[in-house]
Each structure stands twice: as structure tokens, then as C-alpha cells.
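By letter and in written order, the chains are A, B, C and D; residue numbering begins at 1 in each of them.
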Amino acid sequence: MKGEMMFSTNSPPRAVSLSFGAGLWMFGQFVDRYATDAYGPPVGTLQAIARAGEVGLLSAVDINYPFEPGVTPAQVKSALQDAGLRAIAVTPAIYTRKFQRGSFTNPDSKLRGDAIDLCKRAIDVAQLLEADYVKFWPGQDGYDYPFQAEYTQLWDLAVAGVRSLAASHPQMGFAIEYKSKEPRTHITFSSAARTLLAIQDMGVDNVGIVMDLGHSLFAQETPAEELQLIARRGKLRSVEVNDNWRQWDDDLTVGAVHLIETLEFMLALRSIGWQRPILLDQFPFREDPVVAARHSIGMLKLLDAALDRIDLAQLHEVRTNQDALAAQRLVYQTILGDLR
Amino acid sequence: MKGEMMFSTNSPPRAVSLSFGAGLWMFGQFVDRYATDAYGPPVGTLQAIARAGEVGLLSAVDINYPFEPGVTPAQVKSALQDAGLRAIAVTPAIYTRKFQRGSFTNPDSKLRGDAIDLCKRAIDVAQLLEADYVKFWPGQDGYDYPFQAEYTQLWDLAVAGVRSLAASHPQMGFAIEYKSKEPRTHITFSSAARTLLAIQDMGVDNVGIVMDLGHSLFAQETPAEELQLIARRGKLRSVEVNDNWRQWDDDLTVGAVHLIETLEFMLALRSIGWQRPILLDQFPFREDPVVAARHSIGMLKLLDAALDRIDLAQLHEVRTNQDALAAQRLVYQTILGDLR
Amino acid sequence: MKGEMMFSTNSPPRAVSLSFGAGLWMFGQFVDRYATDAYGPPVGTLQAIARAGEVGLLSAVDINYPFEPGVTPAQVKSALQDAGLRAIAVTPAIYTRKFQRGSFTNPDSKLRGDAIDLCKRAIDVAQLLEADYVKFWPGQDGYDYPFQAEYTQLWDLAVAGVRSLAASHPQMGFAIEYKSKEPRTHITFSSAARTLLAIQDMGVDNVGIVMDLGHSLFAQETPAEELQLIARRGKLRSVEVNDNWRQWDDDLTVGAVHLIETLEFMLALRSIGWQRPILLDQFPFREDPVVAARHSIGMLKLLDAALDRIDLAQLHEVRTNQDALAAQRLVYQTILGDLR
Amino acid sequence: MKGEMMFSTNSPPRAVSLSFGAGLWMFGQFVDRYATDAYGPPVGTLQAIARAGEVGLLSAVDINYPFEPGVTPAQVKSALQDAGLRAIAVTPAIYTRKFQRGSFTNPDSKLRGDAIDLCKRAIDVAQLLEADYVKFWPGQDGYDYPFQAEYTQLWDLAVAGVRSLAASHPQMGFAIEYKSKEPRTHITFSSAARTLLAIQDMGVDNVGIVMDLGHSLFAQETPAEELQLIARRGKLRSVEVNDNWRQWDDDLTVGAVHLIETLEFMLALRSIGWQRPILLDQFPFREDPVVAARHSIGMLKLLDAALDRIDLAQLHEVRTNQDALAAQRLVYQTILGDLR
């Protein structure tokens, strides 16, 4: 990919200094279809940045665009500086009311154009903020019902939309965050493998993938496996983390449910030599977001420290021999004590 | 149960005249955590009632309480009359911001009290509107994380909350609408069987169940089976219908995905002699709600008409013999033509 | 329940000395629909007992009946003695070819009678072996297809079958092991709550539940929650453990996937004052069963030791306050180190 | 692909004459881990062929290899002729006891070699029987536990194994039948998209995909969508059909549960101009396989006839406009009557 090199999977597992970022939305206001009066008061863009800074452990944020009305990119840049943060990504809000029937795949060509225009403005802002990439999360691009859509059309429109933006902005990096569903019951960029195929169809070299650990669990993937699948093809642009119960995108704190799978994912990150920030993507509906962010980072550090205590060379050997119980002994005794 | 008789499952399957109602919310404004600007403009209580009347096929509505600020029960009553509707139920909004950590099971006793108070006001309104029952949908009563709650406490609080309201209002009918999750990742009244056990623990005779077809599919139940389980114990208070993909409470139009299971559910309704309204519970995020309501009612009528064409006595016989292929031949040939 | 007292949930959490047992099947021959030549050579009843003894950490086994042809109860008794084991339960094989269309719910009354007869012979053997209970695992009792069966008939037949055996053998303890599916796509005794309702319908006091941790995970229950639901009603007869991916009854080693939920389950066992053996129910298709048994027991001991290190009084307090992050800090820092 | 042309997705939807085949295993003996004495008596290869012929509606079979001991390819050829059938495919049994830890991905290189050798013998037989393709169903190639395997190694071994066979037999067609799990809890060739990526990695042009409708439902794919994804890349070698509850590979009769999705799949087959046999892949554990085969074919014909009655041009238009309710009206009124 253009700009930054993607990491290969061949580098030996080794400790790297961890750094952290977050989606700015996790410091904003949450609403759902029941608590229509929201889980808390409104939070503007600048206030959310200040909250992110309060965490004290974050270096980067992914920022939704448009900002709160009236806020300029210059103000955002300044607020980031004050908070000790940088914009790693800008994410255009191509999933709000206007785009409820789709952004890139909207059946109305006028609205597809509007989505592209919004993305272009987000690209401009990303350049101003010196962000690494513009992230596409086309959660309204898909379908809800059987027989609702022509699947090949959805695919072609989704591919064409991203391609056109990538081709017209060859110096900018782009990334697709796949997810199997929500808000549509079926989203077109649904899995790692499907998104890799779509990126091939785009025929551009500046589009990669944001792998969200929770989306991968939710999609019934094995996250460590898909991380490597993406990384080996040079398409891993960024990594987001959280947890869920594999039945919905609950956006819980990291490792709360899938401790073992999260540990395995952290090991996979080492194996590909990941050195960029790991971004939190949480919706702490009923928790303090600053506390929840620190909590997740604490968990990531503990898991990383646990990896330091595991004999990774021996683990690699028993995994090569596909010895499930021996692998567990190495891993779980580090966590819980000696299993013998 | 007090007030109205519950139907037994022993009555022979027979055609009954179908009547329909709806949750008033399906004519309101929808929002979710992405389209935070909502899927459409705000809709007040009176406007929603007018829209429900516009459907032309509804006789009853389940109304959320509190109403839109400034609207009185008298205005609602009058609007219902104008729309040719009656209030079959009133549902207190014990799932909004204030109750995000629970209504009956909120760890804060002050907030539990507030939830009870809100329910009492809803009971008053239900009496004014001559509603058949007050519905509890305690979707915030549960937990999100492992180790978050003491499960026995949740159970006891949920049972005590409903019991206290039912015991202090013996002339009013109450109903619990169970659901396995959303907005909490785990809801205490999660399944038909658990809710029946909880109702036993309450030791009152005026609490029943609202069985929502979609919640049952979502809970991995067989809806026709659970309907009969509830009805045989005299606890079926009301029935709501919609469809989903069994992985989330998508609230799609009736029968759109689970045509066969919905047909089987309609047959189960016949078998228990159901003669009350069947209520629509949909969230037509991207469709016109009036059209979606008519669509679902059309589907219900077609399925009912299909049942009229099936030799139900013979079907009962082959089901008694547990002959899957013979049962399918009887059912599917009615739908699709002769399978031989 | 008759015979032994069931434990209440009110006793304070405290350490109990753990003891272990196993289903004898885990030392037998495994087959599935692909490896029709089996995953290993045939293993007779006596040989399986010897293998169970080899584990060195087991005190009790649940034994399938009929035994290998030619083997007598006396031989089994003697083999158990040699292996340092006792029969905690006998499980009649009411799920083999003969009963493929059901045992208690078979549409053929002759076969229902044969199932009852087999159970009676198993009761005789259980008395000879001084087993605590006879276990029913009616995995063929259910249905595969929509419209295949009359659900109320299945329920009534399942209830009547167990009731008749329990009523005619009042001095024997019985237990139902519920499971949502496999080999039928839908099993009648599918969940803890449904089975509790069915036991009520039986109107006998010597039928309880065998709660299988894996079946509970598979049924999308929260195991610690259902354990307490059963125990509070005095119906917990026995506990079996293993793990799976919540999508099938994989019967993996304990805690391999759901470490946190298994720890929570162990805490729930403490909270109800469980002092009987915890039984392994595994199918180590590709692992050595003796090694797999020791592995699982090692995991259970480590988890129990982890509980000893957690401040359980404080944990109870934060759970009473439903504080998810505080609960995690207490639990996960014990496992992984200090989360602050 | 070599040999036969793959069909494009651009051809207009049109009726084609349907023809049918079956996996020979559906006429064999079924066993599972409970009914270890099997669901019926043993059935040899020649007897299974005779049963397949008895159906009267089949033209082709996919035959497992090795045959029943003592049976020669010549005898099979003759039996096929007698039964009015041809061998469309040969499927080597690389999933039995010997290969329980994997075929292409077995950690033991000796066993990997044995798997390759077995496949080579199957290729020889396929040539003798003039089969269209050799099918790989590497159901033991994957893993059961977290941390059990190095995922990149599994991928590379799976790719290398298939590649070596395809490269050394350039005149033979090959196909991979993907499936997400069973018997392993995770299978490497798990989804359509992952298998397409793997085929790319092989760098050969004679490997395609056998798309199994049930596997696709089970993998949480939308079958009609994935069918077109595969077909557009020229990799659709064959199609197998059955049904399940999306939680396991139940191998039920066609359309029994997912009537609508099966209809949509049939329409997708038309849209790609599919003219080859549609193969049944069922496990009628408790039903007569000949009856079950006829039943499924009857269902396929009825669904195809339903498509003839739908205004497909109009349906294409409303799907292009992504109008869910209009699409349903067109489809469901054909099935059930007029929805207005």
C-alpha cells in the first residue's frame, strides 16, 4: 500500500512497545432505540477530545466528520494538540439519516454522490489534520430483507464507490472497517475475506482494512487468524479492539468476555510486528468512558505482559504440532499458575 | 388470571376472525446509535395515533407512557376515538436514560422506587384509557458483563418489583414481555420458561406474558411450542408479531424471513383458540410504517387463509406420528402446489 | 428431593474440598458421522473403568447401561473397586438406534414401553452399584423439522415417562440432563427453566437436574445464573463440566474457551455450598482421554485456587452494586495481575 | 477453469431444465456419536447406487472413495449404468480415523502424504468413471481449541496440498467444498470468500468450489449472494442442496426450514445460467432416503415453478431500487396469494 508499509507475518514474535488510540465516539453521547433521550448529555467534538486527553494513555484518535456544527478543523487541531493527541484517522459519517438506505450502495445515485462528496470533505480534513487514513464504515450499505437487493449490484456499487475515492486521492490512505451487520441486518463488507476480495476488485493500492477485534468475533471469525490473513496480503491498515458476546457488536471493554481469544489476538499482533497504535472502539453506555478506556488499556498491558512470560518459541513448536493441550498448558499456566 | 380468562390449548383448531393491533411506537420516530439524527422527524403521541388509524386495519394499540410532553390522557383518549382505535395496553417507559442501569433491578433503591412510581402512573392512565393490561418491558433489567451482578439478586428484585405492582392493583391485568437481550447484553426475563418461573415466584394471579414472536425466534425458542407452554398455564395475556434473523430483534415485517415458523405460530394460535387482537411490533426504520403495517397484516391474513386450505385434522394425525415429510407435504403443497 | 438434601443458594461463599468424577463414556470409543471407522479402537466397559482409574484424580463415574455385551454388574462393581471408583450414576442408553425416533416421546407406544423397560433395568443396576441417581439423557426426544410434532404431546409424553419411573421407584433419585439439541435438532428438555417446569408437572419429589456446564453455554444460558436457579428450587442433583464454542456441544476440556464463565460457574458452585463430585463430560476425539481428564481437573483446581485469592466479600459488594468494571478489576487482576 | 466453462452472472434470468444428482452417502448408513450402533444397517457402495437409482429422478452421483472393500471401479461403473446414473464426482474419504488430525494440514508429513496418495487414487478412479471433478472435503483440516495451531501454517498446508494435486493433474477438474465446522470446531476452508482467496493462492486454474447451500446457511452467509460471488469469478464447479437451522449442518430436506432463502438461491442459479445437475446432500437419519430424495426434488421443482410465475423483470427492478416490501409482494403473493 501507498504511504506506509504494511507489516508481514514473517517477523518473529517479539515484544514491541504498545501505544494506544481510540475512536473519538467513545467519549461522545450514546443513544439507542430505547433510551431515545440518550445515555448521557450531548458531548461536542472538542469536549470529546478533551475527555480523550483525560485518559492520559492515548496518543491518537479516529475522529468522526462532520464535527459538531460550528467547529472548524483548526479548532480540532488545536484541541488535539492541547490534549496531547493526534488524528490517526478521519471517519466520515456516511451512516446517518440521510444515508439510511446506503452510502456507496444507495439506490439513489444522487445520494451516492452526496456520500462521495462527504467523503471528499473528510479527506480534505484528514489532510489538514495529517491523519494517516480516512476510514470508511459503510454500515448502511447492505440489506435487511430476503430478495431486497441484487447482491451483485451492491457489490459493484460498494467497490466502485471506494475505488473512485481512492483513485482520485492517490496520496491518501484509506481503510474499510468491515462488520457483518448493524444497523443493516446484512452489511456488504461483512468479513475479512470478502473485504479482501472487494479490495482486489478495486484495483487500487491505497485501500486497506481496519480490523476491529469485536467485529471479527461477531462475524464468527477467529480474530488472530483473520488478522494474519489480512496482514500477509499487505492490507492491514489499522486495528481496533473491544469485546462482545459474539451475537452483537456490544463494544464492551477489552478482554472482558473473550480473554483467551484476545490474548491470542495480541500474540498475532506481535507475530506481524505491529508497532502502530491499537485503537479502542467501545460504547460504554453505562460506564464512565475515561475509566472504561483506562480499564481496557490496563487489560491490554496485562495481556501483553502475560505474553512476555510465555515461552513463545515453545508455544510456536507445540502449535506447529497442533497439540491443543500442550498449548493450553503453556498459555493457561502463565495466567493461572502451573497446570500440572 | 384475574379479569379475562386465559385460553386453554385443548380447544380444537378452528378458524377465528382475526383482529389486529399495534405497538404505537412503530408509528413514532426511530433512532439508533448510528443514525443519531434519527431515521425520520419527531412524531408525537397524537400524531402516531393518527398514523395508526391511517392503517385502516387496526383496532387496538399498545401506548408508551409518558406521552409526548403536554399531551393529556384525555387528548389521547379522544385521538384514539377519532382514529377508531382503543388502548389495549399501556407500556411505561422504564428503559430510558434514567433507568439505564435498570428499573425493577436497578442497584439504586431510589431509582427502583422511581420505576415503580412511573408504573403506577401508567396504571392510572391505563385505567383511564380502559386498557386491558399494563405491559412491563424491563429491557434495562439485566447485565452486560460476566461477574457484573449477583444473579439471584437480579431475579429477586425483578420478581419483587412486578409483584408489588400486581399485588397493590389486583383489578388491573399485567404482562411481562420477555426478551433475551437488547439493550442489555443479558435481560433477566429472557425466555418464556424463565418468565413463567418468575411469575410463579410472584405468587399473584394477575400477571401474564406478552409473547412476542420475534423475541421468541431471537431467544432460539420454537415460538409455536412456547406459545402453547404459556397458554396451557393460563398465562398468555397478549401476542405481538414481527420477524428477524434470529440473531437480533430486527423487528421486520411479519413472515418476511420465517414464513414457515410464522405459519406454525398462526396454527398454534388457532389451537389455543386465540380470539384477541394480534399486535404488530415492528421498527420499519427504512420503510413507511403505515405501508409496513398493512403489509404485515396482509401476510397474516394470507397465512391464515393458507391454514384454511390445509387439512388440519390430517396434519394433526401426521404430527402425532411425528412424520416430518408427511407434515411438510400437507403444509408446503398448500403453499407451493402439490409436492408429489 | 428424596434421599439427599439439595443445597440452597444462601450459604456464604466458601472454599470446599473439590472432588471429581467423570462420565465413563469419555474413556470409550468415539465415532461421528465422518470418521465412521471411529477415532480409535473399541473400548469395553471394564477397560473404560480401568482407564478412568488411571486418571488418579477421580472418585466417581457415571456409567452407561447396557454394558458391553457379556459384562455383569458384579464385574463392573469389582472393576470399580479395583480402580478406586464408585458409581455415582447409571445412564440408560435411550438414544441408540432403537430409540432414534424417541424414547419417552417415541410416537410408537411399544418403543416408549421398551425405553421404560430399559430404564427399569438401569435402575436395578443402579441399586446394585449403589449409585446416587439414574440419569436420563433423552437426546432423541424432540423433533427435527417444523410441523413435525405436536409440541404439547411431546411435553406430555416426556413428563409422563419420567414421572412413571420416578413414581414407581420412590427410593431412587433421578436426574434429567437437559440439552438444546443434538442428535435431534430440537430436544424437548432443552433448558434449565423448561426442565424445571417439566419437573413441576411431574409432581414427584425424586427428580432433579444434572446441569452440564457445556449444555448451558450451548443453550445460550449464563451457567452460573441457571445453576443458582436450579439449586434454589432444590433440584440440582449433579454437575457436569466441559467447554465448547456455544454453537455445538463440542465437549472440550474445561475452561479452554470460556475461562471467565467457568470461573464464575465455580464461584456459583461455592455460593450454593456444592460438596459433591464435579463430573467431567468430555469427548476427547483427538486427545488421550486420561491426559484430557487430568488436564481438566488441573484447570478446575487452578480456577478454584484463583477464587481463593479473590476478595469474595468485596466482589459480592461490587456485584450487588452491579459495577462491571470494579468486578472485573477484582477478578481479572487475580488472574492477570494488577489492572491499575 | 479447465475443461468446462464456468457460468457468468450476466446472463438474464431464465428457466432452464433442471436436472438432479446426489451425494451417494445419503443412501448409505448413518452413525453419530450417540447412535453408535447406527441409524440403520450397513449399506455397501453398490447397494447405495441401486438405492440412488430407485429414486428415479437422479442422473448423477458424487461417490465416496474408497469403495466398500472388495468392490472394483468396474463394478461401480456397471452398477451406475444399471441404475441409470453417472459419476459426476469422486470424493476421497480424507476425513476418517487415519486423518482425524487432518489431511492436507495434518501436522505429520507422513499422513499428509497418505492423504495426497488417497486423493491420487481417487483421481484415477474419477478418470475411469469419467467423473467431472474430484471433490475435496477436508473437514478434519482445521483446529478445535484456541492456540492449538499456527493459522498461517494451516492455510499454507491446505493451499499446498490442493495445489500439488491440481498441478500434477492438469486435465482433471477439482473442487473444494467449504464448511465452517464439523467435525473440527473450525475448518480452514470455512467460507466462500476464504476459499476463493485460497484458490487464488494456489495459482492453478483447475480448482473450483462446490457450493453447499446448507454449508452457506450454516456459515451465516446469504447463499444467493455467495453463489454469485463465486460464479462471477468463474469458480463455481458444482452445487449441493439441503437445509438446516443455521446452527449446525443438519442436512435436512431442501427448503424445509429456509423456504424463502432456498427460493432466492434457485433464482440466483437461474441468474448465472446454471444448467448442470443440482446435487442433494442430505443425511436422512430417521427418514427413508429414497423418499427424502424424491421429497427434496419435488420441493426444488415447486420452487422452480414458483419462479416461473413471478414477474422476474419487475422483481429485478424493485431489487435494483432495494424496495424490500415491493419485492416481498412480488415473491410472497406468488407463493401465498395476493398480498394486497
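In this section, a residue touches a chain if its C-beta (ideal position, glycine included) is under 8 Å from a C-beta of that chain, and two chains touch if they have at least 3 such contacts.
As the structure is a prediction and not an experimental result, all values here were calculated from the model.
Participant: Which chain pair shares more contacting C-beta pairs: A-D, or A-C?
Facilitator: Of A-D and A-C, more C-beta pairs in contact link A-D.
Participant: Farthest from subunit B in C-alpha centre terms, which chain would that be?
Facilitator: Using the mean of the C-alpha atoms as each chain's centre, the farthest one from subunit B is D.
Participant: Counting only Cα atoms for the centres, state how far subunit A is from subunit C in Å.
Facilitator: 40
Participant: Could you tell me the distance, in whole angstrom, between the mean C-alpha positions of subunit A and subunit D?
Facilitator: The computed centroid separation for subunit A versus subunit D comes out at 35 Å.
Participant: Got the subunit B residues that touch at least 2 other chains?
Facilitator: Residues 101, 144-146, 253, 256-257, 260, 286, 324, 328.
Participant: Give every residue of subunit C touching subunit B within the complex, in rising order.
Facilitator: 9, 101-102, 107, 143-153, 155, 180, 186, 191, 193-194, 196-197, 219-220, 222, 224-225, 228-229, 232, 260-261, 264, 268, 315-316, 319-324, 327-328, 330-331
Participant: For a test of understanding, state which residues of subunit D touch subunit C in their complex under the given definition.
Facilitator: Listed in rising order, the residues are 29-40, 95-97, 100-101, 139-140, 144-146, 181-183, 185, 244-245, 247-248, 250, 252-253, 256-257, 283, 285-286.
Participant: Applying the document's contact rule, which stretches of subunit C touch subunit A when the two form their complex?
Facilitator: The touching residues are 246, 253, 255-257, 259-260, 286-287, 291-292, 295, 298-299, 302-303, 305-306, 324-325, 328-329, 332-333, 335-337, 339-340.
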